[in-house]
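Presented below are the structures under discussion, each in the form of structure tokens.
Presented sequentially are two complexes of subunit A, the first with subunit B as partner and the second with subunit C.
Here is the complex of A and B:
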């Protein structure tokens, strides 16, 4: 332990429980939760309802029919459920986290809380976990709505593999929400004004959604040589473009979800025709192979969530809160 | 005893036939040199002396010929019909009493002879007479009651012995002759070794038949098709073709000379045609080459087609000989390419030997190495360590 001015004793988790419970109850009873529920219904249930309408008219043996509810693009609305979630989860997470610390500061309740035997560690972690669990509650509710509607309207139970893949999808979705929650909490620690913090978080979200794909394309174009001589050159360009895209958490989420919910997906990168030769098209990958395939994406999401939280933590610990 | 009566009956028939010439107004002169045919009215029948059975109906065909005379109605009559017998003169199936043949034309007539059940054995003479205004003719007929030639059949085959493999079909053309004096419906049957299938077809027809009607004195060609079981051993197999009708039977022995043939089959020990392989690593599978045929197969060569960039090796590459009902193990080593993507692939393995071949599609599930999964966990662990370091440095404030 490095030498320090203050003598640090006791567990940093002291008081984590009350902070977490208070934060959770605040979230769940707030108007914000009502708005979140509305989000969930509009952006989640609506595409699912229309994709179920379409699935009911399709007669065909599909081993993964239940997973198609998530992935199929309905004819009426060109918005698959997964795409909708990719869009709406960051919004929900930012909504939950953008004012978690600075609102306490502005209401001058922060010093009052910290005068209790509660460490800042516990306060920040409790707030983060409270937000994450609130997000998870909303997502689980949505997931259950989808499954229940699927059971009702398709009239067939999902297989064990399908349930496992759908649960994996839920975990990935929560991790994705955690990344954006950590981002918004970081901004709420950095900026004293809630409006600035919300603006920055939303700005980053818009940047990754709208600008980043174009910027990634532009950067890739800069690397294109005068003439492409071999397949390897083309392949390396494609891989560069993909690597740049993957800096956006949205891309990681989409790829992980495709790998999980489309069992036929063999690779997330470019595939050469020579690699396709002899392959049985449409044969689903076993679950462990799919998990292995999306593991880098999941790793990226979880690790960036932890790193962002650590950054927020360090900044928060170094701040002066007595005002 | 039966044979002796038949002999006697035919002898009696011969004697009677010599006497029973169709009487005509002018005796027919069969001289081809003469341009003009003999003129007159004639009553003709093929067999003026016949055997009839008690209680049965016999039909005698008679022809009334007018040679060179102007047409005139001719009254037909029978005389000498024994008591209890019923003989009708039929023309076109209807009872007739008179006929009118045109110049140089015939009228076909039938005598329907109904012999009563209590008729006594012996010969009866019946005279059929045709009487016109100008001419008259008589035809004496002799019916011998009780004894007649029994049904008699004979079988002949031009090619009674055929050679082939267990997979070829053996077709014998057999001609069945009805040597008796009446139409017979002949039942067909064949007796071969166990599991040999025999079917009968008529001439060039495709319908399977079990019996065939043959007119008196005629013969018909039938085809006997014998299908041996696939696993039959090489050797000679006799098949007995038997025809039967009304107590008469005839038999013919045909022979199948079956030579052996090998048949390759490719499978695995437990019949499972799928396996797993890891990218870039060699996987071993055991194939089983078996010979389901009846002759050994020499120099069986193994080959395989796998996705591009993959390697496949067989051990042994060539099998010297596979005897019938023998199984031989072949090790196959498959190495997926380094760049292979996880998923299911098809590899086809083949065994080729002397005109015989067999192939098996093998489904290989390629799995990727788990090393990147461990790296991912390591990255998360590093992130957690960073957090722990931050807690240690700045924590519990």
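Here is the complex of A and C:
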């Protein structure tokens, strides 16, 4: 190796703060952010409004009534709030990240910024964190709106455990947004054209939403033997199908959210008789056990976010700065 | 190995950059002294920008060494970039921000104390005569104003070395003149300036020394006069316009004169090995001629450049 392999001196995080603050203020003051927030609120408000309407008519005692705002599928639009978010969060993350690096190339600001005392590490990480915090701000705002509306219209305060579960949901939603932010930033590093990068990120999003479930089914079908002789065989097929589905971050998000917001959920895979033994059907799981159940999903989301970011980082380090 | 010469702000030894099989920069040796304006000249793709990027640690070095202010840009890029100002070719700023906001961002990256930032920005903007538009969005700036904003960034940074890549390309003559004035201003403050260009007559007027790049190598290096001597042949060329006398006959006997020729306009061109203007004038006047014009023909860099590359082509053919 040439002398470039030598150890470099100085913290890779020098200048991280200013980059982060600039990205954050750029995002928060941009018209794009305004449009995205409006989009998310409108998209979230409809399911919430209609599920609140429906919940107000519920008379029976439900220990987790408050959490139903998030999960219930209202009669009029048949779209639960969490499903709407599953759809909208990627769009928002892609909107925030698809031009983060290549626009600096195209505006010819990259070489000027990198000629300041700062490593590329700090630039990329600052941009990612700026986007993630922006996303978090929007989601927290949305979450508070839903919570406030619930308080006002249901006239019933949520219990502590409900708040804790709803907060967990918020964390999962932010992690999910982080995955798609990392995807769109990866494309923004790979492609010099912002349009190409946006198109690829949106393409991947549509692929996972529309095509992947079908492909996963088709692959599973290919493994079906002529006749299924035992429960084990059926089970392994189901598990294969699930494993394939879980390659889509949307599935991980949905499963984690179901586990958190539907305390009755006992397993995210096929239900085994052994798991049913001694269980009272429909009885809620304590919070810690729900958390334990969704832990693989949450780690999966965070791990894929880190892997995607690392890929973007490696490619960015090797790129030439000249346009 | 680089000399530990304290007067050199940048010194490169055997600097090499390889892209695949192509040698973009081929083992160049270069020293830039404190307080001088040094020009990197050459056609596009000759390796000027690559050399600059290696000095800033913005691209990997394939071989050789370079030291900038005693620091190694590969190992200590932050130290180098803290002290060196860089104006890239066709510099870009964030269009949606004002000049002040753009410079504030740079100032934060440089970790300039918050209380000093505003003062230093205004000082720098006054130096480049942009103080009245400091709160306008950069989108409204002309190309010349953007280049000047780039210089303001270097001034604000209090850089010891300024590296300017094609600073005058795409500027109108007036904007070019103003920018060159600002570059001279940097030199007056003791900043060493390294600039790359292919606008030769402009460069000639500001550069103390130049290096002529060709296919990744430094073909020639030195002052403009030295280069001219190397390429165009030694000597001080003079232009004489006189009547009522045979200039050739009178002047040939002057000490140092090597060649006297008559050009198509009827003027005389004299080549001497030293400055012989005074002696020539005296001979013509005492010989009864009327001297209309006696001009020192400055060797033009353009001529050097053109001639050099003509020779190159001839040798290659």
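Keep in mind that, in the parts below, the second predicted complex is superposed on the first by the 311 of 323 C-alpha atoms of A that agree within 3 Å, B and C clash if a C-alpha of one lies under 4 Å from a C-alpha of the other, contacts with A are read in each partner's own complex, and residues count from 1 in each chain.
As a working rule, a residue touches a chain if its C-beta (ideal position, glycine included) is under 8 Å from a C-beta of that chain, and two chains touch if they have at least 3 such contacts.
Predicted, not measured: the structure shown is a model, and the values here were computed from it.
**Student:** Quick check on the superposed pair: does A:107 touch subunit B, subunit C, both, or neither? Answer first, second, both or neither.
**Tutor:** A:107: touches subunit C, not subunit B.
**Student:** For A:18, using the defined touch cut-off, is the partner it touches subunit B, subunit C, both, or neither? Pick first, second, both or neither.
**Tutor:** second
**Student:** Touch check for A:119: first (subunit B), second (subunit C), both, or neither?
**Tutor:** both
**Student:** On the A-aligned overlay, A:320 touches which partner chain: subunit B = first, subunit C = second, or both, or neither?
**Tutor:** second
**Student:** In this superposition, which partner touches a larger number of subunit A residues, subunit B or subunit C?
**Tutor:** The partner making contact with more of subunit A's residues is B.
**Student:** One more residue to check, A:303. First (subunit B), second (subunit C), both or neither?
**Tutor:** After superposing on A, A:303 lies in contact with subunit B but is clear of subunit C.
**Student:** Touching subunit B and also subunit C: which subunit A residues?
**Tutor:** 2, 6, 8-10, 119
**Student:** Okay, in this complex, where on subunit B does subunit A touch?
**Tutor:** Its residues touching subunit A are 306-310, 337, 339-347, 363, 365, 367-368, 370, 372-373, 376-377, 379-380, 382-384, 386-387, 390-397.
**Student:** Note which residues of subunit A are touching subunit B in the complex, please.
**Tutor:** The touching residues are 1-2, 6, 8-10, 12, 119-121, 266-267, 271-272, 274-275, 277-280, 283, 285-286, 288-289, 291-293, 295-296, 298-299, 302-303, 306-307, 309-310, 313-314, 317-318.
**Student:** Across the complex, what residues on subunit C touch subunit A?
**Tutor:** 49, 53, 56, 58-63, 65, 72, 74-79, 81-82, 84-88, 90-96, 105-106, 108-111, 150, 153
**Student:** Hey, which residues of subunit A end up touching subunit C in the complex?
**Tutor:** 2-4, 6-10, 14-15, 17-19, 21-22, 26, 107-109, 111-119, 320-322
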